[in-house]
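You will see chain A twice below: alongside chain B first, and alongside chain C after that.
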Partner chain A sequence: MDKNYFFEDTITADEKRVDGVAKVTGAATFSAEHTIPGLTYAVFVCSTIARGTIKNMVLAKAKNAPGVIDIIYYLNCPVVPGYTSEIKEKNQRERVLNGLNVFADNIVYSNGQPIALVIADTWERAVYAASLVKVEYIEEKPETDFDNLMQKAEAPGWGGTYKRGDEDAYKKAEVMIENEYSIPAETHNPIEPHATVAVWEKNDKLVVYDKTQGPKSTQGDLALLFGLKRENIQVITEFVGGAFGCALRTWPHTPAACIAAKKIGRPVKLVLTREQMFTMVGYRPISWQKIGIGASRDGKLTGITHHAISNTSRYEQFSESIVDPSQNLHDCPNVNTSYKTLALDINTPIWMRGPGPATGCFALESALDELAYKLNMDPIELRLKNYAEVHPQNKLPWTSKHLKECYELGREKIGWHNRPSVPGTLKENGMLTGYGMGVGVFWAGRSSATARGTLYADGMFVLQSAISDMGPGTTTAMVSIAAEQMGLPPDKIRFELGNTDFPTGPTQGGSGSTTAVGTAVTLICEAMQVSLKEMAIESVPGFKNYKPEELDYKNGKVSAKTNSSTSISYTDIIKQSGKPELQVSKSTESFAQRDKYAMNSFSAHFVKLHVHPVTGVITLKKIVAVADCGRVISETTARSQMVGGAVGGIGMAMHEETLMDHHSGRYINANLADYHVPVNADIPAIDVLFVNKPDNIISPTGAKGIGEIALVGVAPAVANAVYNATGKRITRLPITPDKLI
Partner chain B sequence: MNNQDQKDSRRDFLKKTTAMAALTISSPVLVKAGQHDEKIASFFEKMDLKIEVNGVAHQLSVEPRVTLLDLLREQLHLTGTKKGCDHGQCGACTVHVDGKRINSCLSLAVMNDGKKVTTIEGIADGDNLHPMQEAFINHDGFQCGYCTPGQIMSAIACVQEGHANSREEIQEFMSGNICRCGAYPHIVDAVMEVKKGGKSS
Partner chain C sequence: MINFEYSRTSSVKAALDVLAKNPGASFIAGGTNLVDLMKKGVATPQRLVDINNLPLKQISIDAKGLTIGALALNSDVAENEKVKKNYPLLVQAINAGASAQLRNMATIGGNIMQRTRCTYFYDTTLPCNKRKPGSGCGALKGYNRMHAIFGASDKCIAVQPSDMSVALAALDATVMVSSSKGERKIPFTDFHRLPGDIPEKDNNLQPGELITAIHVPVNSFNKNHYLKIRDRASYAFALVSVAVALKVNGNIIQSARLAMGGVAHKPWRLKQAEEMLTGSAIHDLSFAKLTDNIMQDAKTYEHNAFKIKLGKAAIAEAINKALQ
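Coming up: the complex of A and B.
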């Protein structure tokens, strides 16, 4: 991998992931992997229709199967206190905001909905017994065909509707284009399936090992559902095997496991199957977009109109900020947008990596590319010509914005000068060759967080916060921040997470962990240094006559500014103070200067690819991913995030499509053989470059988010390169060979 | 084998008795008898299994429908081997059986009678990591780490098979292991390093 940077000041290139050894030895314990005495196994029975009611469930055979302990379904489900306020009249279809109340009634909202839970002494026996449950339905005709039902979409009541300047100004422009874009449902499919192990230690004390991006929010949801105090529920999430958004909320399997464990009085483990990962834990919603863009003949944008529709379920409202990038990514005086959602008889979607902008930027950045050809202008020049120096919507300055540098770095690295200005005219070894680029953007504010730090006399510095790390390397980044702040070697620092007994941390999503928790860690380190000075003055004889401001803290030592021989290590200070340790907790508020600044991370992706002139097969040759993510805290993990985001973006662009049979409302490719995700052989060399200029306004860490901009902008870069190679504008993802022949 | 023949005949016997009962007893009673038989059958239908895992010999009695993957994870508590799909589609469950890589979710435990299984827990030498484990750390060949044990077991076999002679070849022969975090280029870097027998840049 390439090692070029714009700025190279604070990167420690040899840095390794702090949980690396646990992950390569199999010692890392994921939610389904804790050894618990008396464990039982639960398996869902799922609906095989998409809409209707359950008339009858025949359970006798299943109940008598070997090893079966209980079967829970709507007729025998114990009272769940949190359900009652939500449940409307039986059989009445009502959207509720808290999602599906599992086993609450006999209504079927989607195919693959959990309708019964079989608990047995082994997993195999539970699986077999679940296969014996027979269900009779009163079936209704499901509505699942997004393309044919779009006219039924409704405004969700918030977000998306926006206007500045004249409406549809693009129609009067000197040069204009108009196009429609479609993106199918994409399923997150982390390799670790969702899993919950529920253990009731007492009647009112629940311990849950759960795959979640937010242990604290899961704790809060369960507290509400089971009518318990938060502190009576402990959620443990030591490792998360990827999530990309699908573990952002509490899905029905988590309460289901808790209900079962309570009913049978034993611990219950419930792990979703791969098929259930498609029907129970969300997906990127299906979307349709229409964009019109107009410009003057010299390339100044005069109008953007962007309409979007995405789907939700019949029982919940789910919306995304799809049209937002058109409002503020590029400078344009006249912009109007609209957004609607369409309720279908499918399970509820959920945010997936780069939610909103990933979808919106596919349309916007494809449209700009199309406009550039019509203007006979270089696509980068077009973007530079319409570069927004201040936020176009509210005219506020950005806390930092280095998108121009992203363009420059990427243009150079990909070899943009080789790009043919006329599509379909460049061949390499008989292959149609094309170059394309796309811009990514995501919100980059800072949420609140609390962390606790403890400095022990043996030299260890332990930090704790109740967040989880689904893979980006939050643990590593926090250790890196603390090591730098305290001047200590990383092996003296441990960051502990994934336990609600620790201080409250944010849910991991929207690229916000590093800035939020990193700020709390920074404050802890600063407070520690003040305390160490005070403790030295108080308990160390040679320091008695100094004032705190006459002392320095550096590399684990407190010294007198004027006399460097008066110096003592932090371990000795703690020992001499007679205390076992020094503990500090710090909270940070969310960054609240929205009236003063606009806050975003930016990226630019560049793609070079080959298209086979006869078969239409695309071979990616090179990807250059450039990020303006503020200061890079941990180079190793930041680089991996950018590579991973590019791979995810390739999946979106070329592979992923959750397909449905509209007669049954059932997914037909709900497995990893038929739902294509990129494999190793699909991935070209990926060069990652960071502008690496700190943003010290959002947080003292200097960082902005990175996880989302790693993916946003990749799909249009691929589509634009395909156009450059072939002259074919593909507006319906994924771009598969059949669309190119 | 002898042992298995005996088991087979016991199972057949139970089936036959049920079938005979069907001829003579009226249906509600038959249902009961069937359930009863099923319970007895499940008792008898456990099979003996001798298996060596990471150098440790195990003498077990398992249901024939238990996969090697579930035996490792649920009965032997070796959870380093991961379940990602249970259908041979992701590679997270890759282990070595007699030195060859297989998807352990596609192999019934009893099919591995008398065989030697190596899992991710069995490749380090005490605290000294296997060179492939080291290389994955050095090149950050993972993010969440869930596919990683399978990737590493596959990578070791890939090198041993002689399928690691170029980046392209490694990419091809490592494509049975999905990494949804997208660490692929770094995984190839790691395999290249081990193949070359040392550190690469």
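Coming up: the complex of A and C.
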């Protein structure tokens, strides 16, 4: 593999994913793989209408099927304390706490909603029995067609409008453009389906093996639902096989498994099917956007107006920060934005990689590209001309911002000088050839986190925090940080996670794990070194007369600054101290200087592609992804993040679309054959470059965050390259061949 | 999960006997289509007759042409050196289908028997006349981007999804069939049928019949191309596809074969266009006239109007590619 990095300092050049071997050998235990004595198997019966009520459920046949233990539905569901009566008093179609209160009543809010749970002694028998349940409905006509219902959208509770300077200033500009953009629903489709194994160890003690990005938040949700103390619930998530956001909250299947396990008095396993992964665990919402941008003839932005609508469900409000990039990514004196949501008879959406900005930047970065052509200006020059040195909204300095370097690195690497300034004029081997770029942005910051570190006399250093690693390589990054801080080889360090018995850590989302938990780990390592020096003075004869500040800690050893022959390894210190181990817990508060700084990670994506002049088929030739993510903690996993994000962005640009039949309100491509994600043959060479300059204000790790900016900005880069190649501006994703002929 | 019986047979006669005695039985070959249909509850055979042990895996070429046993694997045919040399169109079409893993399991007989990928057919909660006669066609007024533009009826607008079949239709292949009544040959272009009033019938194979082989006659086409336009570079069904086989002598097209996929309930052979091409000089082809003529019968629905333009583009491109 050729290396295309730009590194100032990397911690370990050839580090490996610490969980890699377990994952590729099958030794890693995912939530569905926990086997518990007496385990039973649950399978959902799901609604086949999108809106209405259940009149009757005929269960006799299913109940008598072999192996069936119980069938739970709204008429026999045990009381769930969290389903409070005040919810019922509210508008029937409006739920609050946990979204859908599974089995609470007979209302159908979306097609594919779980309405009954069949529990049997084997999974096959549960599947069969579930197929025997007959449901009679009182059906109402569903409203699912976003395009035709958009005028019904409403402002969300928190207002949804923003204005700085003059409203609609773009309309008076010397040069202006206006366009509308549509993005269909996209379903996360991680390879691991959601799964829950629920075990009631006592009447008030629950153990749950669950796919979640936040073991602690799942624990909290279940505590509320079942009226238990948090400490009576243990959530275990050792490995997560990808999530991209769909495991950010507690969905109905988790309480359903717990309800069932309690009712039958045996452990229950519930694994969603691929089809159910479309109807139960969210998706990137459908969106419509309209942007108007105006500039002076020399390219200084004078006004941006950005309106957006995205969908939510009928039973919950879900909103995203789609218009935020227009407010602060580029410098512009006059900006006004509005955001509304449209309630449809579909399940609730959820954040998907780059939530908000991924959608907003598609529109904004496409619009800027369009403006650049109208100004006859290079799109990078246009962005440089409007480079925000301070945050345009609150005028605060950024903790760090190296977007200019991203432009420079990417421009060079993609060969931007080959880009034709007139679209449709460059051909390579008969193929229309185009170059495009797009900028990505996401919030950076640091949440609170706690971790515990234990240094054992046998040399192992074990760190623990109740977070999950959905795949980005948090485990590897934490080991890297600890290895560097403690001067120990990575194989002497183990980072344990995914268990609520460990100290509290944040939910994995918004690219925040490395900064938060990494800070706690850094603090632990610093405290450990202080303790080791003190322990040496106390228990090791040769150190008796030293003061702590006269000692050095380096490479696993404490030694005297003035006399390096007075030196002792940490294992010997612990042994001589007579204690079995040295344990330290540390917490970090969430980043406190929000009034002093603006905080963002940035990326710039560059695409070169071919479009077949006759058939409209796009062939990507090269992608360059450049990140300003602070310091790169783990080269291997950071690169994987950027590559994976680029692939996700290609999917968004060219392939992904969750399709619905509006007569039935039913998804019609809820499988991996018909829901297209990119395959290997779609993916070109991807060059990843890092600015790799530490941001020491956000956290002592120097990191900002990378997972989201890896995807944000890819789709507009593709669309802009398509325009450069063909002169066709595609504003409705995905860009399939039929749109280019 | 509906229980079914299973038997494995090792001779054609035995397989036919089991089928004759069990009208609700289905043959199973690679299983890459049938097992999915069973899992979705679309197919509910009472018995599976496993035919993988039948001696029908031969791939042989003689003076008359190519004979492929019904149980030869898609990948074995596509990788056979002689087939590659003499029937490049067939090889390209096979390789354009599914994924390498699927082609390693899929058989030639199963491939031409594969059922439509219409999503309404696959979802047992939605209407579909092909799956449940009389329930209506969900696609007609539903989502129909992938659907037919030729030969559909108001009962069914599904398309036949097999890529290989498009090449076989162009190459004038014959399907060899056995039943307890004896053997018969079905010209490939008569094998699949249009939906008409009985969309539940994909093809003209009769109950109790087993496909034993496919014969492709020897040909002298020296310019061949299979072009498949799809939404991603691999592992996606055709929006439209075109099979072209031409015999070019000097500058003149002496004979032509042209068929389209992804546009009808059967591979869509374009005989009139073939006649127009025959005798033409290769530097003097009027694609506009040719493709306008082809598309004059097309009827589109809400989401698939693009297939006319894309179809025209694909035909022109496929012919150009073949001539290169």
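By our rule, the second predicted complex is superposed on the first by the 724 of 741 C-alpha atoms of A that agree within 3 Å, B and C clash if a C-alpha of one lies under 4 Å from a C-alpha of the other, contacts with A are read in each partner's own complex, and residues count from 1 in each chain.
Here, contacts are C-beta pairs under 8 Å (C-beta built on N, C-alpha and C of every residue); 3 or more make two chains touch, one makes a residue touch a chain.
This one's a predicted model, so the numbers in the text were calculated from it and none came from an experiment.
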Overlay on chain A: chain C relative to chain B, clash or fit: fit
Contacts of A:124 with chain B and chain C, given as first, second, both or neither: both
Partner chain(s) touched by A:26 [first = chain B, second = chain C, both, neither]: first
Which superposed partner A:678 touches (first chain B, second chain C, both, neither): both
A:241 touches, of chain B and chain C: first, second, both or neither? first
C-alpha centroid angle, chain C to chain B via chain A, nearest 10°: 40
Contacts of A:154 with chain B and chain C, given as first, second, both or neither: neither
Chain A residues touched - chain C or chain B, whichever exceeds: B
Touched partner set for A:663, first chain B, second chain C, both or neither: second
Touching partner for A:298 - first (chain B), second (chain C), both, neither: neither
Partner chain(s) touched by A:174 [first = chain B, second = chain C, both, neither]: neither
Partner chain in contact with A:140 - chain B first, chain C second, else both or neither: neither
Smallest distance from any CA atom of chain C to any CA atom of chain B, in Å, after fitting: 5
Intersection of the chain A residues that touch chain B with those that touch chain C: 124, 128, 673, 678-681
For the chain B and chain A complex, residues of the former touching the latter: 35, 38-39, 42, 63, 65-66, 70, 73-74, 77-87, 89-90, 92, 119-121, 124, 129, 133, 136-138, 140, 142-149, 152, 168, 170-172, 174-189
Chain A - residues contacting chain C, complex: 48, 124-125, 127-128, 131, 612, 614-617, 619, 654-655, 659-664, 666, 668-669, 673-674, 676, 678-682, 734, 736-738, 741
For the chain C and chain A complex, residues of the former touching the latter: 1-2, 41, 117, 119-120, 123, 125-126, 138, 141-143, 227, 229, 231-236, 239, 306-307, 309-310, 313-314, 316-317
For the chain A and chain B complex, residues of the former touching the latter: 1, 16-17, 19-30, 32-33, 35, 64-67, 122-124, 128, 188-193, 239-242, 244, 271, 273-274, 470-473, 636-637, 639-641, 643-648, 671-673, 677-681, 683, 685-686
